[in-house]
Each structure stands twice: as C-alpha cells, then as structure tokens.
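Once you scroll down, you'll see the structures, which are given as structure tokens.
Across the two complexes that follow, subunit A remains constant while its partner is subunit B and subsequently subunit C.
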Partner chain A sequence: MAFTPKKQAFNARINAVTLGTGDKSIVIGGENVLPFYTFDAPIENKPKIAIEISDKGLAGIVSPGLLKFYEGCETVVDMAKKAETMEGASAICLHFESADPNGDNTSVADCVAVAKAVAEAVSMPIIVMGCKNIEKDAELFSAISEALQGKNILVLSSREENYKTVGASAGLAYNQKVGAESAVDINLAKQLNVLLSQLGVPAQSVCMNVGSSAAGYGFEYLSSTLDRVKAAALAQSDAQLQMPIVTPISPETWGVKESMSPEEESPEWGPLDERGIEMEVCTASACLVGGSNLVIMKHPAAVATIAKFIDSLM
Partner chain B sequence: MAKFITIGERISVTAPSIRKAFAERDPEPILLRCEQQLKAGANYIDVNIGPAESDGEEIMQWAVKLLQERFDNVPLALDTSNMKAIEAGIQVYNRSKGKPIVNSADAGDRFNRIELAANNEAIVIALCSANGIASDNDERMAHCQRMLEEGLMHGMEAEDLWFDPLFLVVKGMQDKQMEVLEAIRMFSEMGLNSTGGLSNNSNGMPKHIRPIFDSCMLAMAMMQGLTSAIVNPNDQRLMETVKTCDIIKNNNLYADSYLEI
Partner chain C sequence: MALKGLDIFKLTPKKNCKECGSPTCMAFSMKVASGALPIEKCPYMSADALATLSEATAPLMKTIEVGAGDCAHKLGGETVLFRHEKTLVNRNLFAVTLDSDMDDAAVDAKLEAIKKVDYERIGEREYVEFLFLNYAGNGADAYVALVKKAAEAQRALVLNCADADVAKAALDICKAGKPILNGANKDNLEAMNAAATGAGVTLGVCGADMNEIYDNIKALEGKGNKNLVIDCTGADAKQTFANAVMVRRGNLKDQDRSLGYPSIVNLARIAAGDLHMQTALAAAFTLRYGSIIVMENMTYAEALALYGLRQNIFTDPQKPMKVEPGIYALNGADENSVCSLTVDFALTYFLVSGEYERSKCPVNLLITDASGMSVLTAWAAGKFSAGTIKKFFDEADIENKIKSRTLIIPGKVAVMKGEIEAKLPGWNVVVGPMEAVQLVKFIKDFSA
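Showing the complex of A and B:
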C-alpha cells in the first residue's frame, strides 16, 4: 500500500502584514504551516530579504565585495537606489547607527531628512532601524513615522521600555507598522504583543523581532525561540504570537571577529570577504528555516545565495 | 495540548430572571448574561431552557438566533431534556465558531441523545450515569464505554463525545470525590475529552466558600486531564485558576498579562 503522508496544515495562521505601497509593496506571513512546509499547504508569501544600509554610508565597511557593489555611491540615497537593484532584494532597511548619543549623535532632524530623501528616491518598502538607545530611538521613530506618513514603513523596534511611545506614534498616530523587539525571551515576546494590542495597535500592524545573533554566538537560544514561537502560534492558535517574524542578520554577523579580523591576523580563516558572506548565509538560512518571515542582510553575494535558497525550498 | 474549554452556565431557567425572560421572550436579561460571561472569557455559552415541553422548539430557535446574531456566532451548548427543541436549535445554529453541544446524553433514559448528536454533527456531553449516580468507577467506565461505542457506531469522532463523570456534592458525598477525579484520569488516559458541572461539588456551601471549592476542584480535575467544564465564568477566582492551570500544563504560553487575555 502506498504511503500517504498526513498533511499538517494548522487551523491557525500567521498574520499577513503588508509593508510599503504600490507595485513594490510586499506581504510577509499569512502561512498556516511550519516554515517551508509547502507539502502540507501552499505558502502564498515567500520569506523576503531587506537590504541594510547604514546612515553612515560606506564608512566603516571593510568588506571588499560590499565596497565594490556600492562603488561610485556618494550618499546614502545613492546607496539605497543601488541596493534596490540587488538580486533578491525586496525592501530597504535604513539603519540609523549614527543617531547613537554615545556615538555621532546625529540629530533627529538630520535623520528625518535622510529618511525622507531615501523614501523619495526608492520605491521598495522601507524598514527603519534605530541605534539601540531607547530614548533616542523612540524620538527618532516618532519623527520618521510622521515624516513618512503614507509610506507604510516598519520601525524596528519598540521594546518593553518604549513600546508606549513607539506604538502610539508609529502604530496609532501615523499608521505605520511596528516591530516588537524582545531579546530571545519568548514570554516577553508574547507580553509585548499583548501590551501593543492593549494600546490599540492592530495585530495586522505588528511584526516581531524575537532577537538575533550570529551563528555560533548563542544562536541555539534564538533557534529554540523561533521554534517555540511558531509552535505556539500555529499548534496552540496563540493569537498573541501570530505576528510575522523579522530578523536582522547583517547587524549581527558583520560585527563578529570571523567577519572582521584582517587576513594578516587570521590567515588560517581564509579571505575576509568570504568569511563575512558565509556568516551571513549560515545565520540567515538558519533563521529562515526557524520561521523568520523577513531577514535583513547586507552583502550582495549572501543576498543572492539566500534568495536562491528561498526559491529552491518554495 | 489544547486550552481548557469553559462553558458558561449562567443562562439557565434555574435563575428566576432568566426563566421569566424565556417565557416573555425578553432578550435583555439573556443578552446581558451572555455578554458578562463572554467578557469574563467563557468559550461556550450554555442555553438551559428547562424541560420546555410545550414551546421548546420555538424558545430554543429564538434563543440561538438571538445570541448568535448579537455575539458573532458564539458557540452554544443546547441544554434541555426536550429533544425536538435541541434539533430545532441546531437547525438555525451557525457553526462558524464551533459545533453545537448537545447537553446532555446519559446511559439511561437519555441514551438516544447520542444518536441525535451524531445525526446533527454536534458534540455531545455524555453523562456517565444511568438511572442514578454510578456506584463506583467500574460502573462509570462501563457507561462511558457503552456511550463511546454508540457514538462511534453512528459515525461520530471520539473527540466529539465529552464524558461527564458527574461532579458530586462534597457535603454528603465527601468520600466519593477522589473517585470522580480518578474517573477523569481514566477518560484522559483513553484520550477522551471530558467535562462536567463543576459547581455541583460546592452545592449547599456558604457563598464565600463556593469559589474556593470550585477553584480547587477545578485545579485537581485539570491535573487529572479534564478538558472542559460547565462553570460560572464570572467567578474571578475560578477563571484565574483555569488560566493559571493552562499555563502550568503548557497549554498556553506564559506572558505577564496572561490573566488579561
């Protein structure tokens, strides 16, 4: 007798969330099966890749491949336009690293100007990533959400300490999408979603960043968090965990020694650029099979590889 | 595991205001109690119209439509000894939020309610007693087995028979309490769903004591594998116990606001 596998489609679904507007808008989530389990039920919206660009431009980039890709770009706007042409790209992630009060401390007004210029120049959806300073990020997200009204951007992220400000401005006042960020803590991930919903932010406006780490840097904790979130969302129909997952990859992987140590210092590790690409590919692919609906990446070679990886599994 | 299912018991002719509302077809008291129970987190709402021998069909249809239209097709348990009234209620019942529950069959005079549920693709509460309370768990499980077979024979899924061990009053039957809990364990080990009128256990106790007994009994019954209960969802202590036990049993993921959702 032929073996007939039992289909494991769930009654529950991940929320489908739209980012951006017009032809280039994207939808993430919407599936009622485990990641890439297309044999159980069709997955309408394949996972997407957003390209990270720092507001510092090319400063601080050591990867020869990245420098080559953005050759001739003089401004962040130039880079954003170039990033849109990257094979596999679906969105642009503007990372306001320089806003950090302990660093360059770029003013909110200057960050807003950059965000507006980029938004005018590109047609892909925009994800805004902060500088990790709670107060500054809250201020920054509010101002950018207001300036980019109607663009349906995603702000990364609101956290336990600032969800009220960020949720009220980005989510409620300016009708943007809100990321809810917790650091590898599944109970807090759920709690933040509950708090945002109690604030009045619709579930369809929320994405989760349940934490990120480079492969080899405590990644197993992230991996089990992703698994547990998807299991609760689908198998237990937990409406407070059915938000799609967005995972920043490149901000983690390009900061570890494997991606940064110069070849003369670590000759046994091989070419610098390849190491960085491999770190990005390993981490992104592991997050995607764990359930990330969108990954944020940087290097064109890594992005092309992951785009092919996604297409092959769909 | 799935979350525990609560069936709100407060729309019942045992309450004089509700009996009057059914008799006069006065929607307000019924809608109010339904809303209170749903707000408190009830999953199903029991509609107990009493024996309603003369006009049961009409009353049940009126009540089902009234509640489902107002409360987004809230799933209901149809509670009456009048079989025709149950069937009439199912005719107008919208299943989008869950199958109707037939409340209830037993292994005695109400044995044919199982077939009724099967014919109407409903869930049935199967009370493990025949004529009078089962004398021990051998008898309880014999009733359970017989009703299960009856359901399966008529094409039901086992999961649609919710077995009721019959909660017994502590004041008078204190020595039988552990037996009831053991019966729940046996249902659970057979992979069967279960339910019951929880507050029977605290019958006759002072008002301030009842929630304490109901909550403790519920926690112990959930430990044994009880999957549902007919309860007063507006008993805050009880609902907090349900939600907390669901967390401890890993039926639901903990978050600091778990009591609010």
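Showing the complex of A and C:
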C-alpha cells in the first residue's frame, strides 16, 4: 500500500519583493507553501542572507573570527566591500548604531555620507538599520532614502510611532522599500501594514520585521508569531499579512550572555567564537523554518552554514 | 474519525454519577472528545461501546515511553502541529552517536564529553538524553562490548542495528533499560520485530522513502506491534525534512493513525562531520517534528543554543516560564552593592540580568514572586505591589543579608515608589528606566 501524502499548497501567496537593482538585485517571498515545504509546491525564491555591518566599524567587536575576516579593513566602506565576498551573502545591512542620541549621537549628515559611500562601493542591495531611537531613526531614514534614490534599498524599520514619516519619505517620496516593525504580535503586525497601506505605500513595497530574539530568550513568542503570520497569510489569504518577513538575527544573538561571556568566566563553555556562531546558526535556522524570507547575520562561519542549510532544504 | 462529544454522550449511562471525576456525563463526553480523558474512566460503559469508542477516541499520536528509572522518557503524544494552536506536549530529545568500530579510548572520551554538558536552565535539566549506538558490521562481540559500556553511562539507549541476531545479543544485556531498537526495514522486518517484541522494547522503523516506511509500519501493525518510532532520516536533509513533516502532518491533520509515532532524525548521517550544519538542522527539527534528534557531538556551545531554543518552543503558552525568587548577585556584587528589583517572569529576568551583566556594575538583582507575570501585568493583577514586595523582603530576609539600602524599581511601576518607601522604611527607592535596554546606561550613570 503506497503512501499518498496530501499536498498543502495554498491559493494565496507571499508577496514577491525586489530589493536592489541590476544583476545583484534579489527577490524575496513569492511562495504559496509553508517555509521549505517544497514537497507541497516548488519555492521559486529561496530565503536570503544580508550581512550586518555596524557604522562603528570594528569597534566593540570581540569575535576573533569576525576580526580576522575584516582584517585590514579601515573604513565601513572597506568592510562592506569585504562583506560582499562572504560566502552566502546576498545583501548588505548597514546598522547605524552610532546614531543613537544616548550613545555617540553621530549626525544624520555623517550617517548619510557613510551610506552614500557604501552604496557607491557595493553592488548588492542595501538594507539600512537604525539605532532604535524613534525620532532619530525617522530623520535618518528620510535622509538616507533621499540620498540613495534609485538604489531600491530597504529601511528597517518604520514603527507604529514613526510610520508616517518613514512611510511617506522612504515608501512614497523616494520609492524605497519599507520595513514594518512590530513586537512579536500578529495583530500589531497587521495593524501597521494596514496603516502603511492607508498612507498609500503599496503592499509590494513593504517587508515585515515581526520582532526578533535570540534562541532561549523568549523565542517562543517570535516562533509562534511567525507560525501565525504565515498561517494567516496563506491559509486565510490575509492580504495584510502577505508581506515577506525580514528578521535581524546577529543584533540579538551577539548580545546575549552565551555569546559575550569571556572564556575566563565560564571555561567549561569553551571558545567564545564557537558559542556566538552556534547561537547565530541556531536562531537563524529556527527563524527561517518559521518563515523569515531574509535573515540578517554577521559571522562568516554562521553565514556559510545557513547558506548551506537553505540550499540543502530547497 | 474523531467523534463528537454528543456521539460519545449517547453511549454513556447518563446518570451523572461523577465517578469519572467529571460533574456530568455530558462534561465527561466533551473531555473525552477533546482527548483530555480516556474513555475507560467511565466504569459503566458497555463492552461494545468501549470497543467502538476506544479506537475512535484514542489520541491520534501515541505517547511512547522508553528508558527506565532516571533515564525514562516520553516521546510523542502531540495533539497539534503548531504550539500556538494549543501546546506542544513532549519536548524533543537529543542523542549522540557512538560506533562499534571506535576504539575504547575514543568511546571513553566521547562519553566523558557527553557527561560534561549537564546543567540546569530555568528548572529543567539540560543534557544528552540518549546514546545512539551504531553497529558498524564488525561482529556481535564488538557491538555487545559497546552496548555494555554505554549501558553504564546513565543514559537511555538507541540500538541502531539492522542485524537482528546482533541486536538480539545486545538486547539480552540491556533490555531492562528499555532501549529503542532502530533499524527495521523491508528485508529484516520479521526478525527485527521478533527481537523487539521478544525483549519488550520499542522498534524503530526505517525505509528508503516514505512509501517503504509506510509499508513497513503497516506490516508491523498487522503483526500487532504498535510500540514503534519512525526513523524519518532520508538520503539528505531535504528528504528528511519532507519525511518528518509528512509523517506528523499526515497523522495530526489528515488523521492517519499509522503515522502516529514519534520520529528519529539522524543528523550524524545527513550532515556528517559538519557540526554547525548539525546545529542548523537540529534547530529546524526542534520546530518541525523531530522527536529524537541524533547528533555526532553535543558541545557546550551547541547545547547552550539548542537547549535554549527547545525550552522556549516547548513551553506551554498557558503557563509562563518562571525563575526562582531570591537574591541574584551579579558581576561580583556583595552585601554593599545596590539592589534592583523585578519580577520572576523568566524573560524579564533574562533581559534584566543580561543588561546588568553587560554593564559590568555589581548589582544585587532581587527577584520577587509575581506568578511568572511581566512587570506591568503583575502590577495590574496585584501580584507586584508594595505588599508583595514587603512580604518578599521578609521571607528572603533581605534586611539582614544586604547592607545596601538603595533599591532600584522598574520605571514602569514608578507609581509604587511612595508605597514601597512606606512599607520599607530606611530604604532609598530609586525609579529605574522603562525598558531593560536602558539599564546599562542607567546603572553606569548611577554608579558613577
């Protein structure tokens, strides 16, 4: 008696969104099945990996593997060029950590200059991540969206508090892609998408960041949010949740104890780099299986592994 | 097909005797229909009714119990495909491989390494639960020697051995530990079934593809053996993932009871030699339907990530994760270091302690019992108030244990400052930041 599995391809699809321009542009989303369920129907666009680079350069990085990879890089532009050569990379994510008014408070003009220089040096799509300060981010995203017109970048992210500014500038005036960020709640995610669409931002210009967390740190909320968003998008054809999902991994995983605690403090844990890589790999894999269409990572060993993981399941 | 509560109700005696523990026969029927109670709880069911019902109301996925004593584990028993639909029941377990052609020193070294990764994380023991013993075809003696050694390691065993005679010899010495015998395929089905049932152990069913696996399960069920696990490992990661999803979905969504067994996924086979890849796959199978995940190794680095993920995924959405109330001295804090108060919700604890650790400033983190709720929820529910804080201070004897009289409270409950000061005379209550991410800057400024 042969086994005849019931297929579960849906009538609805995740939106296909293009980032970047030219040869190196990428398309994320477009599938009508659950993540990696290629046995139900083929998945045309495999999930992608963007490489996170801080505008602080190598300052503050403790991972020996990362330092080695970027050896000889003096500027953020050098790092971006190097990141493009990373095995498994499809996009560059510029993280403007130093813009934080509670930190270095780098001026918007300086950030724009960095973004411009990087955009001229690389050909991969660019994702711009802010400093989590709502007012500063809004200002920053508007200025960078204007400066990089025509590059089809993704800004991460507009939130409920600043979606009007970010949506109007990045999404409407300068025709870039807008990331809609909500905190691990399907209703908030949907609400923000509705608000952006009411503002006039086309659904095809929106990606969702439905939250991020490291494995072991409340990851169940993220995991269930991903599961529920994909179920609503596909099984219930909810057009306001069919945007592809972008999930920052490295900003979370490299900030937890497992990846930061020096070897002297807990010798039995073993080398710091290894712990950081495993946290990044584990979290990225769990997000991809949950439904992330693009993950933002940084360690070359973790990126290579996840690229191989994606290929092996496609 | 699943029966509705009303269908079951028609077969009950309808006398509301309460002997089943439910207040009425109707309530009992509804519970049986949802799988919460077995039909046998009712002492007045006729034999006929029982026969029809027990088949129809048995859970779709069996719970298989393996191992003995301290090494006893439950596998399977899931009722939903996604944790948000209800809850996941039995967390996946991890196994590490040992081969019969490894030399003694290598086996010892690996057992020693496995023993080292054994710690507690929020009330759960995290360790490698199973040893997965591969038979390398080098004779029964070598395999029996390996099994003997492994049996002393205080772990449950999986005998991965498709040679029924060798398996029988190995089972003779370890069957009391209720191992799993894995390796029944279309060529050895009879003999493996006899070996497993003879020793009273669970049998693992293999096959080149889903058709073959399914045929083998049907054949074994035909012989009356329903104490099974399904080895979903295919030729590569893609096939293995497909098998694992099709088995679980075919069972829980499409209601095929022949697929209602726990699974084994052997990452040591499909990603041999690539530890990072095994971590990636292990994370994937933690979410998508691996019951026993077989790895080549379990280093501390892998364990920290994978066990953290597993603990999150298998928490009951209806029950928050809690940490023990008490004093947590961070960054070498002593009795003179400032105190910072928050609730026992595990996520709150992890975020707050993580940020404080990043600050490198010594802090006594005081965790009070708030029934595992977050700060604002607990405050709104009255579980985090000046009264509960006073009670906690008394019970934990904070006044005597700590000399510092500075107490930082979460910014979200700034309104409690006055009440806390009234209840805790002599303490200087300081309102901290609204969010954990602001703690590093706050405590650095505060300590400066």
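One rule holds in what follows: the second predicted complex is superposed on the first by the 313 of 314 C-alpha atoms of A that agree within 3 Å, B and C clash if a C-alpha of one lies under 4 Å from a C-alpha of the other, contacts with A are read in each partner's own complex, and residues count from 1 in each chain.
Keep this in mind: a contact is a pair of C-beta atoms (placed from the backbone, for glycine too) under 8 Å apart; a residue touches a chain by one contact, two chains touch by 3 or more.
If you're wondering where the values come from, they're calculated on a predicted model, not measured in any experiment.
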{"item": "Which superposed partner A:Phe141 touches (first subunit B, second subunit C, both, neither)", "value": "neither"}
{"item": "Which of subunit B and subunit C A:Trp254 touches, first, second, both or neither", "value": "neither"}
{"item": "First (subunit B), second (subunit C), both or neither touched by A:Tyr174", "value": "neither"}
{"item": "Touching partner for A:Asn187 - first (subunit B), second (subunit C), both, neither", "value": "first"}
{"item": "Of subunit C and subunit B, partner touching more subunit A residues", "value": "C"}
{"item": "Subunit B versus subunit C as contact partner of A:Tyr70, first or second or both or neither", "value": "neither"}
{"item": "Partner chain in contact with A:Glu274 - subunit B first, subunit C second, else both or neither", "value": "second"}
{"item": "Residues on subunit A lying within both footprints (that of subunit B and that of subunit C)", "value": "228"}
{"item": "Complex contacts: residues of subunit A adjacent to subunit C", "value": "1-3, 5-6, 8, 36-39, 102, 132, 214-220, 223-224, 227-228, 231, 255-258, 260-261, 268-271, 274-275, 277-279, 281-286, 288-290, 301-302, 305-306, 308-309, 312-314"}
{"item": "Contacting residues of subunit B [partner subunit A, same complex]", "value": "2-3, 251-257, 260-261"}
{"item": "Subunit A to subunit B touching residues, read off their complex", "value": "186-188, 190-191, 194-195, 198, 228, 232, 236, 238, 240-241"}
{"item": "Touching residues on subunit C, where the partner in the complex is subunit A", "value": "82-84, 116, 121, 210-211, 213-215, 218, 236-238, 241-242, 245-246, 249-250, 253-254, 274, 276-277, 279-284, 286-288, 299-302, 304-309, 311-313, 315, 317, 347, 350-351, 354, 357-358, 437-438, 441"}
